[in-house]
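The next part holds the structures, each set out as structure tokens.
In the two assemblies presented below, chain A is common to both, partnered first by chain B and then by chain C.
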Partner chain A sequence: MLMILVAKRILIAAFTLLLVSFVIFAITSLLPGDAAQELLGQSATPEIVAELREQLGLNQPAHIRYLNWLGGLLTGDPGTSMVSNMPVKDIIGERLPKSLILAGLTAAVSVPLALLIGILSAMYRDSRLDRALNVVTLSMIAVPEFLVATIAVIVFAVQLRWLPSITIVSPDASFGELARAYALPVMTLCFVVVAQMARMTRAAVINQLDSSYVEMAILKGARPTRIALQHALPNAIGPIVNAIALSLSYLLGGAIIVETIFNYPGVASLMVNAVTSRDMPLLQACAMIFSGAYLLMVLIADIVAIISNPKLRHQ
Partner chain B sequence: MSAVLQVNGLEVSVRGERGERIKIVDNVSFAASKGEVLALIGESGSGKTTIALALMGYARRGCTVSGGEILIGDTDVLALSRAELFGFRGNRVSYVSQSAAAAFNPSKTIMDQVIESAVLHRLSSKTEARAKAIKIFESLALPNPETIGNQYPHQVSGGQLQRLMAAMALMSDPEVLVLDEPTTALDVTTQIEVLRSFKKVVADSGITAVYVSHDLSVVAQMADQIVVLKNGTVREAGATMQVLDAPSDEYTRSLMAAAKSIVRVQPQSLDASDVSPAKPLLELRGVTAGFGKTDRDGMPRFRVLHAVELSLERGSTLGIIGESGCGKSTLARTIAGLHPAAAGSVCLDGETLAPHLSRRTREQLRRVQIVFQNADTALNPAQTVEQVLGRPLAFYHGLSADAARKRIARLLEQVKLPANIAPRRCAELSGGQKQRINLARALAADPDIILCDEVTSALDTVVGAAILDLIAELRRELDVAFVFISHDISAVRSVCDDILVLYAGRTVEIGKRDNFTGGPGHPYTDLLISSVPELRQGWLEETHAKTVAEPNSSLPGNGDLCAFLDRCPVRQVGTCDKTPPPRLTHGNGNEVLCHLGQTKA
Partner chain C sequence: MTRIQGSGWVGLLLVLMWLLVALFGPMLAHYEVGAIVAPDVFERMGGAHFLGSDYLGRDVLSRLMNGARFTVGLSFGAALLASASGASLALFSAISGRWIDETVSRLMDALISIPGKILALVIVAAFGSSMLLLLLIAAISYMPGAFRIARSLAVNLNQMDYVQVARARGEGRVHIAIFEILPNMIHPLLADFGLRFVFVVLLLSGLSFLGLGVQPPDADLGSLVRENISGLSEAAPAIIAPAMAIATLTIGVNLLIDSLASGGRSVTDEAQR
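Take a look at the complex of A and B:
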């Protein structure tokens, strides 16, 4: 039963990804401009443009191009960049690990922080602590990240000179150097994602704290910490992991502002460059990566929620 | 004997909208000595649960204990510090709540929760606590005491969970045990087993117990002393015998009157002069319904109703009774077209109705109306009474605003509500008023049949009795037939002409109301009737209601064999487990699905 449920979710995710690939291909085909024209510039003669179109396979019907592209994706070859003439795989291969490091570090800091804030404010609901945390998390949601990043740079890099304003990481950097380099971008990204997760955690835990079995635990003499962690939290895992998944999936594609401000070579800025230069294969591959990451996060959250539900675990 | 529990001038209040204090419990005092069972009785809102929780030094959000004292032994509960309370709750006083299904954490095993208090209070090691829990499970007559604790709450039945919660409360050998409506959520046949276990445990352990209930008959079985509460104040207190035999307070008397089972309607005199045997108003033939995927024959995977047959004459009332999960609500929903039948037919005046209501004509819809159990959820709280009643009037009768207003006034009069209630929102009404509006909404369609699904179950005894009176009166005044669905045999007996007993989706007995007073009929009917507590002390000891101590689930319970087989106290090996039961007509005219009448005849 459990395995069937999980297998169903995986199948649905795979099917969704297929649909997404179609949508991505369709939309990028509709984008104005022509890659051949773009490559050759304004002065190119129509004959040369036509020749290049032939070379790039742009004259083939759309469904053939789609199938070729999809086949390439499945075999691990998303094509060749039209701008740099390098395999898309290599370009992304260089950028993706950097994005993953940034996302991973942000997750490692933000998830525990968000859980702590959420659980504390649920435990002390309507207290001063809860209200203070509410104000803080709400302002974090309200302030746009470019402002957070700019202020952080002004304060920590320009005024105090504690941290570097751009993130350059050499392969042989020490842990201290790494921490200093990543501090500002990770902090800025945490600002964006912590609030969302913390508020969802608070709501999910409060929902459980209002239930009869929590009252029963109080009447058995359990202390608030035990009630929150042992009784309420296991039942709130479903909604919490979903909130975490939604927030974290933002970290790959949505990090564009942070990548730009700190001059960090991640995939988000790569995708924006691909848009401006009409580099369709690169753009499509980036979009697929973001969609895939998003689906993967949601899939993991779904599976965790299923496994954490004893009614599904023990039929 | 000195009192183990003493409450003096207890006062609990909530903060009103303007920050003023509103007392919800005022000047309540009582005392109980060792081994005594004291009952707090009252309707919802009487403050009985608030008092019970205060005994634990606990008040729900928004409430504060604002005065008085509670002494458990020599300890003043209200003077305990926060830290002391953690050591006190679940240790010296423990609590059994109304709904065990909600009071168990769904994601922890039963054993972990049962031994939690003992481990928290460092009364014993985990291993010792487990061994003790298993002993208590045994004494509470729980099946498989060794292994039941390893299961999760959703894997055991409601009656078992309720006993498991009692075990949880007994783990710390408390001085005082608070039982808050511990059997209200159970079926009568289960309730009786649970009451027996509770009574035995209280007697064996010499615990002082506070038993909170709205049900006088249950309290009569359990309590030595009764405290009658209303609106947070004590109306009457005394020994059980004295309160039951010579109630001094008027409110107590009204509670007792509501608890008495009375017949509210006379049987319809369908005289023989009625020459033409008219077609029954409603007729069900072989109705089968269920849930889940349908197989090749169009049958659902989980069948709830198995070939149910019934017929209802114009203006008469059929009662449908059975325990939770027997399919009685599904039956009502199938008749109304909310849950399409997989097989069989529902005929109205000889005309077959479409299984799903979307295929029925507006006229057919108008003629069959349903009244749901919970008026709180059935009525849109944001709508006014006028809007709720105006909708069916406009939909079925196309009444103009003016005519509708007059009709609404008439409807409110019929359900005994003042006309000035019309502009009020449903959320502002009391439970009883809402249920009356719920009925009036059905009446507004001017139906031939009203399906009442547990319309009194969510109400207090006195309010529920008034609704039964109303239904009886509507029957006399209007030419409406009722299908009255309930788990409460005395409610069914009081308003119905015929009674159908449903067990596991099968009609096990059907017949005239007067034949349902004590059998012998189908063994399940007999069990059902003899399980209803009577309003006198000693009934629990005398009643012969019993099921087999341990249902034998190894018996083949599927197929066409008797569905009651594994619980039947009079099953006959060789017959009942071999051949499907026949449908026999007994001497009194009842049709019974059982082998037993056969062998007796």
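Take a look at the complex of A and C:
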């Protein structure tokens, strides 16, 4: 039964990704102008435009172009960049690892911090600490990333001169240099994610603390720390992992601003460049990567929720 | 009605302040928006210009008051459109047959799987960015979330006894949707509307910050941060002030909703993207 539920989730996710690809392709192909004309400018002769149109496959009907593009995506060849004339695969292949490093570092910092805040405020629910943390995390969620980034730059790069304001990573940098280079972008990304994750963790733990087995533990006289760590936490792990996966998916939006501000050569800043230069094949591929990553996070969250819930397991 | 308490008052105060600035700001501004009035660029706070001057020597406070109108106005319109269309579609979907409901829900699931900023970037790349388009982009990006919440409310209410009674009485579907279900959804939908507003403010100012949102000569709060980015190295108030303005607006709305919603956190934490 469990396997069927999980398989069903994966199928739904795959189907949703297909729909997403359709939506993205539809929006980018409904262009009022003509991509070939756009590329060559107004001064191009009609013959040259027609030739490029042929070369780009723009003469084919939309559904054929969609199927070609989809087939290309599935076989790992999302087309050629209109601006740099390089395969999209190569451009993204160079940028993707850098974005993944940034995301990995952010996760490594934010997860422990968020768990600590979330569990603490759940254990001392409705105390002054909890209420203060509520207001703080609520405010952190509402702060735009560029405010966090600008203030961080002003404090740490301009005033204190501790950290560089632009992230340049050379291949032979020492660990100390790397840490300094990544400090500001990771700090900015963590800011929003930690708040989100801590709130969801708190909700997950409180959900367990409200259950009758915890009441039983209280009645038999167990100490609060023991109740939280030994009784509630093991049962809350499923919902907490769920919360972590969902929160990490919010990284995607933040990455766009953060990579741009710190001039970080990742996929998100690549996508912003693709928008400015209207490089559609590159843009479509980037949009698919982000949507795919988001769906993957949600899928992991869903599957963890299924696996960790005995009620769902034996239905 | 629930009682506003503690941080909720701070939120209410901030929201009222920004509403007043958005409504009357341009009238209160001392200087013309585009006028170069200061002898120096990136002046400090105080003196003739309360928030200093920007990268061209324009008065930051005057530009801020004008920018707030764009940010608040556009976001309010987009959030209203997102909530209203999401709720209408949800009502329609809930009272229609199973097939329509399934189809609409799946489509919304697909839309919600494209992170808001990504969808916005794709649309801007395809169609450019005018005010109307920005409003539509923000509305489309956050409509599926509104739909999801409104639909789950509507489906639950649809099972209620008084709705069954109305159905037995022979009322039409539209009558039931508008007069029986809708009035009971309004309260949670209002809280959700506040959240949508916060998302839209963050989305639109993020786009403007990237140079893809409100285009010059107009400027919303996000554009103000962007155009003064060269003042970052001297910590000019011209860059801090508009960024703080956005933050106080969104924090204010968040605090207000959090204290209004009696269910508390569940509403605020739902469907953040």
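To be clear about the criterion, the second predicted complex is superposed on the first by the 297 of 315 C-alpha atoms of A that agree within 3 Å, B and C clash if a C-alpha of one lies under 4 Å from a C-alpha of the other, contacts with A are read in each partner's own complex, and residues count from 1 in each chain.
Quick note on the criterion: a residue touches a chain if its C-beta (ideal position, glycine included) is under 8 Å from a C-beta of that chain, and two chains touch if they have at least 3 such contacts.
Keep in mind it's a predicted model, so treat the numbers as computed, not measured.
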{"item": "Partner chain(s) touched by A:146 [first = chain B, second = chain C, both, neither]", "value": "second"}
{"item": "First, second, both or neither for A:211, with chain B first and chain C second", "value": "first"}
{"item": "Partner chain(s) touched by A:275 [first = chain B, second = chain C, both, neither]", "value": "second"}
{"item": "Contacts of A:234 with chain B and chain C, given as first, second, both or neither", "value": "first"}
{"item": "Touched partner set for A:267, first chain B, second chain C, both or neither", "value": "neither"}
{"item": "More chain A residues in contact [chain B versus chain C]", "value": "C"}
{"item": "Touched partner set for A:200, first chain B, second chain C, both or neither", "value": "second"}
{"item": "Common interface positions of chain A, toward chain B and toward chain C", "value": "none"}
{"item": "Residues of chain B touching chain A in the complex", "value": "53, 56, 58, 60, 85-91, 94-95, 97, 99, 102-108, 116-117, 120-121, 151-152, 154-155, 168"}
{"item": "For the chain A and chain B complex, residues of the former touching the latter", "value": "211-213, 215-223, 226, 230-231, 234-235, 308-311, 314"}
{"item": "Touching residues (chain side chain A, partner chain C) in the complex", "value": "15-17, 19-20, 22-24, 27-28, 30-32, 131, 134-135, 138-139, 141-147, 150-151, 153-154, 158-159, 165, 196, 199-200, 202-203, 249-250, 252-253, 256-257, 260, 271-272, 274-276, 278, 280, 283-284, 287, 290-291, 294-295, 298"}
{"item": "In the complex, chain C residues that touch chain A", "value": "6-7, 106-107, 109-111, 113-118, 121-127, 198, 202, 205-206, 209-212, 222, 225, 232-235, 239-240, 243-244, 246-247, 250-251, 253-255, 258, 265-266, 268-269, 272-273"}
